[in-house]
Each structure stands twice: as structure tokens, then as C-alpha cells.
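A quick write-up on the structure given underneath.
Per-chain numbering from 1; labels A, B and C assigned in written order.
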Amino acid sequence: MNIGILDYGAGNLKNVCRAIEHLGYSYQLVATPEGVASVDKLIIPGVGAFKVAMEQLKALELIEPIKQLAEASVPIMGICLGMQLLFEQSAEFGISKGLGILTGSINLLPETNSVGNKVKVPHIGWNELIIDNVESTIIDNLSSNEALYFVHSYRVEAFDEANIVAHCRYNGLKVPAIVQNRNIIGCQFHPEKSGLVGLKILANFLNN
Amino acid sequence: MNNVRLISRLDIKGDNLIKGVHLEGLRKLGDPQSYAVKYYQQGVDEIIYMDVVASLYGRNNLSEIVERTAKDVFIPITVGGGIRSIADVRHLLRCGADKVAINTAATQNPNLLSEIAEVFGKQCTVLSVEATRHSNGEWGVYTDNGRERSVFEVREWVTKAVTLGAGEIMLTSVDQEGTGKGFDLELIEMVSKEVNVPVIASGGMGTVEHIIQANQAGADAIAMADVLHYNKMSFKDIRQACKSSGLQVRNTL
Amino acid sequence: MTEKRNIQQMYDLPTAVKFCTKCTISNQRPRITFDDKGVCSACNFAEFKKTGIDWETRGQELQALCDRHRKGDGSYDVIVPCSGGKDGSYVSHMLKYKYGMNPLCVTWSPLLATELGRKNLDNFIKTGFDHILGTPNPVVTRKLTQLAFTHMGDPFQPFIYGQTNFPMKMAIQHDVALIMYGENGEVEYGGNMKNALSPTREIADHDGHYFSGKPPEFWEEHGLSKADLAPFSAPPMQKIRDNNTEIHFFGYYKYWDPQECYYYSREHTGFTPNTERSEGTYSKYASLDDQIDGFHYYLAFIKFGIGRTTSDTAHEIRDDKIDREEGIALINRYDSEFPAKHFQTFLDFCNIDEEEFTQVIDSWRSEHLWEKVDGEWQLKTDIMRS
């Protein structure tokens, strides 16, 4: 199986690589249209700014190849910023277009919740998943009450409810944690940084 | 309610884990890797590596330690000490760091914070504050491992830094650091009121009661050093004691 | 106009400046020697400390010494010269609480105490020690400091004499034979190595002849009387002998590590470091109690090209806290720093103006060390360039 990790200057690349290695898999770093086209599974990592990331993808001419991969039903997992890039647009530093593979937009977490309490932004910390779609294989072998590591200032909004596998609650806000539309999966948290639980989720993606 | 993060902080000089008191003294404790792995296995939430002499000596060289640790430790790693440029940050993130903590360089060039936030994101940009209380009741911002007085006071500095792009604050009380006598609660309260980003309290942890106090004062996370490195309490016991006291912390199996 | 001094002759200094290949000290440190590998005597002694001494035996010697001197009848059995700083506090606490002695702690008052120094001394005493503070007539102290600065290039000379002689006076007064210092500075830092294997130093080696190396006429000429000088002077040699006075060094009996003294005194005697580094160096925990301190170190920088950072890094390298490269980075940053914080205080204390100060300083700049480059004084060699 040819596992590809997208290398577009995202930042937390090596952590994902290490986690994959730790699970006993080998991988390739892909940074060209040919590379992307050649993989059986693709992981899009991401730490940083949406706009800058999309500009980098554009410069490397990777936008179309990724979209084609998605069309071809090749499993793709986006992590954190990588997940956010899958959506239509983001409001970070003005409106930026995303890959548009999933329905929804990326918006800043509000600094007060619906009852007027202060919410610290970014959301940094371990948060428990609330499962919305028990059928998804990505959450196999996860027990309830297992927390994963979130570190982000933006969340997915205006999404298709059918695409939510799990969410978490942060100071009264609903934060989509795992999204899925057939072969496309997104994790808002960092599975490569969430200890054993996170490694389980990565393993689920790589196994299924 | 959110889970309070329990973080282990490792002060590094060269190849060694060191531990001072009031950010003074370079007593060597051993290989940082072995401590980090131990804490990870015991269920710590994050690791912070601080190169305490980087600014003082005008260098930085944590990349090797970060790389080694990232191989075996799958929780967030924050790295600080002598970070002065975008290139420094990029290098450390590629080595395996998730967040970078900046102090000295930011006080000399505050715009560095916005530059880093713009490229890597606010959530990656941690402001490290070394605070010492002055006789007028305010706290001064110190650099170079808590020994050079900057022009800033903590109150205005944290506000400015967050506006520029800092997404988290690691707040170290130099007065309490290494004493095990508890955190500077007034400092934590003051900073938590000034800014709306997560605050990590550092310096003074001795008992679980201190953690509860710090959280009540506004801290979202607690950094521990002394109590762990000198084996005064095992991390497992700390987490268990937190749970028993009713503090919300994540479950680890 | 202050006459130019011949430093090389006074201190017997070599013309060519060389640096130790292991630490950062130079051959300009009076009485230091370098071996044929270019390693200084202090480094060689440090190596010997680590590998050539059986500390277990030395510890037993300390136990025997204490057993011999311990009185157990409620009277004092050891004098510990201290200041509230980390070293004396460590020695006092160890002797009292580990070796069961009954120490009388003795401090010679700083010229101009700092707030932190005073606080540290108070905290130390409060931990549980009997203590005597010797305060000579401040008017006299000022005059002596002024004269010492102007005529001898070291404002601290009279203080050092008092600090050396007061414990002996207290020893005689309180019927105590044993005086226990921290480390033997001559042995640890590259001075005269004759006592490298000895726990003691000979009191006869103190300059008993003249006070601060100047004859009595000098002081009388400047309006000071025998009564004025008495508190600073050594007690008569006969009385010292009759008291069976012995000066010992704790550093002979226990491996001496000043940084570990910091940790110890921080934990046990309420010692607090400064919030900022001391001027001219990088540390926060050493020599904190006198506002005039900085000028003593600055003059050493002028006379020998050896600033406070050089001295501090040299022994921290020997103690394995930092390496030579790190030491050089610190020297580059701090060694030549002028002690500006208390400059005006110093001028006022010595009753001189800035011009006079500069004249005195410049009179101690030896040609073999200093040159003027573009109107500014610069060291001809420093460790960064060598």
C-alpha cells in the first residue's frame, strides 16, 4: 500500500511520519502532482494559516491532483489545518478559497458562547469525543471518555450534518472533531499528538 | 468545563536536563529523553522543552533533543529558548515541535510574534513570560533566563503580545520557581483577566492543592518541573489526586 | 594628576597575555601559574579535586576536627565568618546541624549594604544562629575607602583587612580556637598553591606588619588615628597564639561547589538570589551584599584585564557547570560592563567627582594590557580574539 503524506511546507510533517512509522507502516512524502496521483492513501497534515497553505498548494500545482484523488475514491485524511483545507473557504485573513471537497466553511471560534461566557481562543487541550455516527470505521475500538488533543482557532461551520462522525464541546461551543464523506476524512484534533488514542485513529484510517 | 492540562516542563542546557531555583543554578539531572519518555508513559498531557541558556549564550540547539523525543512521544511538544526568526521556528517544527515559546527575542522585536503567527498560526505561537514582582506591586518582564530586566511590565506586555499574535501564554513566576511553595496566584489572575488566550501557569508547583488554586485563578494548564524531576510525586499520583479532588483532567488508561 | 602605576612590577605579571586552554582565566591573575600544556594551576587543582582526593577520608578528618573542638558546655566552639551570602550560610548550617557544633557566626559590615544583602543576612540569622555584626565607625570607613581607592586602586582593601581580622578578634574574645572559612581562595582560584593539601593557612602569612600594606605614617598623614585603625587591624600575634587559633577551610574537607552552596542555602537558610544579574557578570547569586562591590571587580578588570565574568566563568568551567565556549560567549557579553547602577553612590561615598575617578582608573591601566583605539580604551588582547 502506497501511503502518501503531503509535503507542502505545513510544519508538523515529521510528527505524522513518526506516528505512521511507529504503527509499522512505510510512507512517501509527496509534493508533486505525479506523487499525489500515485498514492493509495493520502494524509494532509497542517499547522499554520489557511491562506498561506492554499497558496503553497497552488504554487506546487497540487490542488487539482488532490481533487482528482478525492473523485477517484482514494482515502484522504486531513489533519487539523489539513482538514480545514478540504472545505470550501475560510475567513482567516479575509475569505480564502479551500479545496471545496467537503461542504462547509471555516470560521473563527467566537470569544463568547451562546450564554455570554468567555471562550478562550485558540482552543488548546484534550477534549472528549461525542460520537454522532457510530458506524464510521474511523472510530473503531475507541472507548467513550477518551480525549484527543485539539489546538486550533477556527472550526468548521455550515457543514452537512451527515458528514459529522464526532464532535466535542468546548465551553459550550460545538466543534466538529471528525468529519467524513465516503473516502474523505478530516480530524480537527491531532491524532499524531494524542497519545495511544490518536494512534488508534490513525491505525483505523490506515487499516480500513 | 474544560480539562486542565498537566504539563511537564524540562529545562535544558546542552545535553542535560537541569533544574535551578528562581531560574538560577544549572544542576544537572540527566538525559532529558529518558525523563520525557517516562512522563509520556505515565500520561502527561504535553511536554515543554526550554533551553534556558540559549538567549544568555546567544545560540539555540534544541533540535536534536526534539527530534529524539518526537520519535517515541506522541503528545504535543512545545519548544522555547533562543528562538529568534521564522527560520528557527520552521526548523524546530520540522524537527517535531508543535508549538514554539518565545521571550527574549519578542521583547527586543515584538513584531516577531506577528510574523510567526502569520506563517505558522497563533496556536503555534506561545509567549513565554518570566515575571518578577516589583515593590510597586506590578510584575516586570525579564529575559535571558530571568536575569535581564526588560522595558516591559507583564500587564501591558501580554496584551500587546496577544494582539500581535501570541495564541497562548506560558507564565513563569521567577519568584516562585523551584520553591515548591505554590504558584503566584495574583499574577495568574491578573494575566487571565487581561487576555483571552489559554494560560499555562509555571513556577512553584509543590502539591495538588497548588494546581487547584492555579486553575481557580484562571490557569488552563499547569507546568510542573521540580516535583516531577526530583521524584517528589509520580505523575500518575498527581493525576489521580487531581481527579480525587474534583479537578477536571482528562482520563488516561 | 594621578601617577601611572607599574602594575607589572607590583604584581609580577608577564608581558605577553596568555589564556588557560581549559578555563577562561589569563596569566595576568597574580600568583597563577600555567603548566607546559597551557593549563592553569586552578584547573589542575580542580582536576585533582575530582580524581585525586578521597573525600570519604577528608569527611572523617572533618568529623575528627569537630570532635576535637566541640565543647558541649554551651559555649561557642567555632567561629564562622559569613555575610549572609550562600557560602558562609552553607558552612554555618552544616557545622551546626550536621556536625553538632555551636558556631558563632561573624559578619564584618559591608561598606554600603544592599537591601537584598541585609534581607539575606536577616533570613540566615532567623534560621537559628548566634551572630555578631562588626560595624566599624562609618566615618572612618568612608575615609579609608576613599584613600584606598585613590592611593591603592582598590576601595575594598580596608574592608578586606577588617573582614580578615575581625573573626580572629572574636575568636580570642570568645575563647574559640577554630575559625572555619568556606574555600581557600588562593588554592581554588589559582593563587599561591602552597596550601593545596592543607586544611589550614598560616596566620603569619597575613600581612601583620602594616595595615593594608601602608605604613602608619601614611594613615596619620591623612588624619586617621590608631583608634580609628584599631577595628581593622589584626590582634597581637601573641594573643592569636595563646588562643591556639587555627584557620581551617571547609573546602578542604568537603568538595567545594559554590553553585551547590546556592541550592543548599536557598533551601535551608532562606537565601534569595537577586532578581537581576550582577553588573559585570551573568549570575544572580554571588556577592550581593555591598553596593560598592562592583568597583572592586571593575578595578581588577582594569588592572589585570580580568573582569567579574572571567572569574565566574573560570570557576564554573572547573566545576563542570559550563564549558569554555559558553564562558567566552558570556565574557564577550558582560566582562567589560561598567558598574553604573551605584556609580553616583560610589562617587559620593568617596567624595570624588567623575574626573578624579577616571584619572585614578586610568593610572592603573598598564601599557602591556591597554591601548587607545579611536580615542577609546581597549584591551590589547582578550579571550575572544586570542
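Some notes on this structure:
Keep this in mind: a residue touches a chain if its C-beta (ideal position, glycine included) is under 8 Å from a C-beta of that chain, and two chains touch if they have at least 3 such contacts.
Bear in mind the structure is a predicted one, so any value in this text is a computation, not a measurement.
When you average the Cα atoms of each chain and compare centres, the chain farthest from subunit A turns out to be C. Distances from each chain's CA mean to the overall CA mean are smallest for chain B. The centroid of the Cα atoms in subunit B and the matching centroid in subunit C are 37 Å apart. With centres taken as mean Cα positions, subunit B sits 27 Å from subunit A.
For this pair, subunit A with subunit C, the centres built from the Cα atoms lie 63 Å apart. Partner subunit B is touched in their complex by these residues of subunit A: 11-15, 18-19, 22, 47-49, 52, 81, 93, 111, 118-122, 124-128, 143, 145-147, 149, 151-153, 170-171, 190, 192-196, 198-199.
Those residues of subunit B whose C-beta lies close enough to touch subunit A in the complex are 2-3, 5, 40, 43, 45, 67, 70-71, 74-76, 90, 93-96, 98-99, 118-124, 167-168, 196-198, 220-221, 250-253. Contact residues on subunit C toward subunit B in their complex (touch as defined above): 259-260, 262-263, 266, 272-273, 275-277, 282-285, 321-323, 326, 329-330, 333. Those residues of subunit B that touch subunit C in the shared complex are 14, 21-22, 24-27, 53, 56-59, 132, 140, 142, 144, 146-149, 174, 178.
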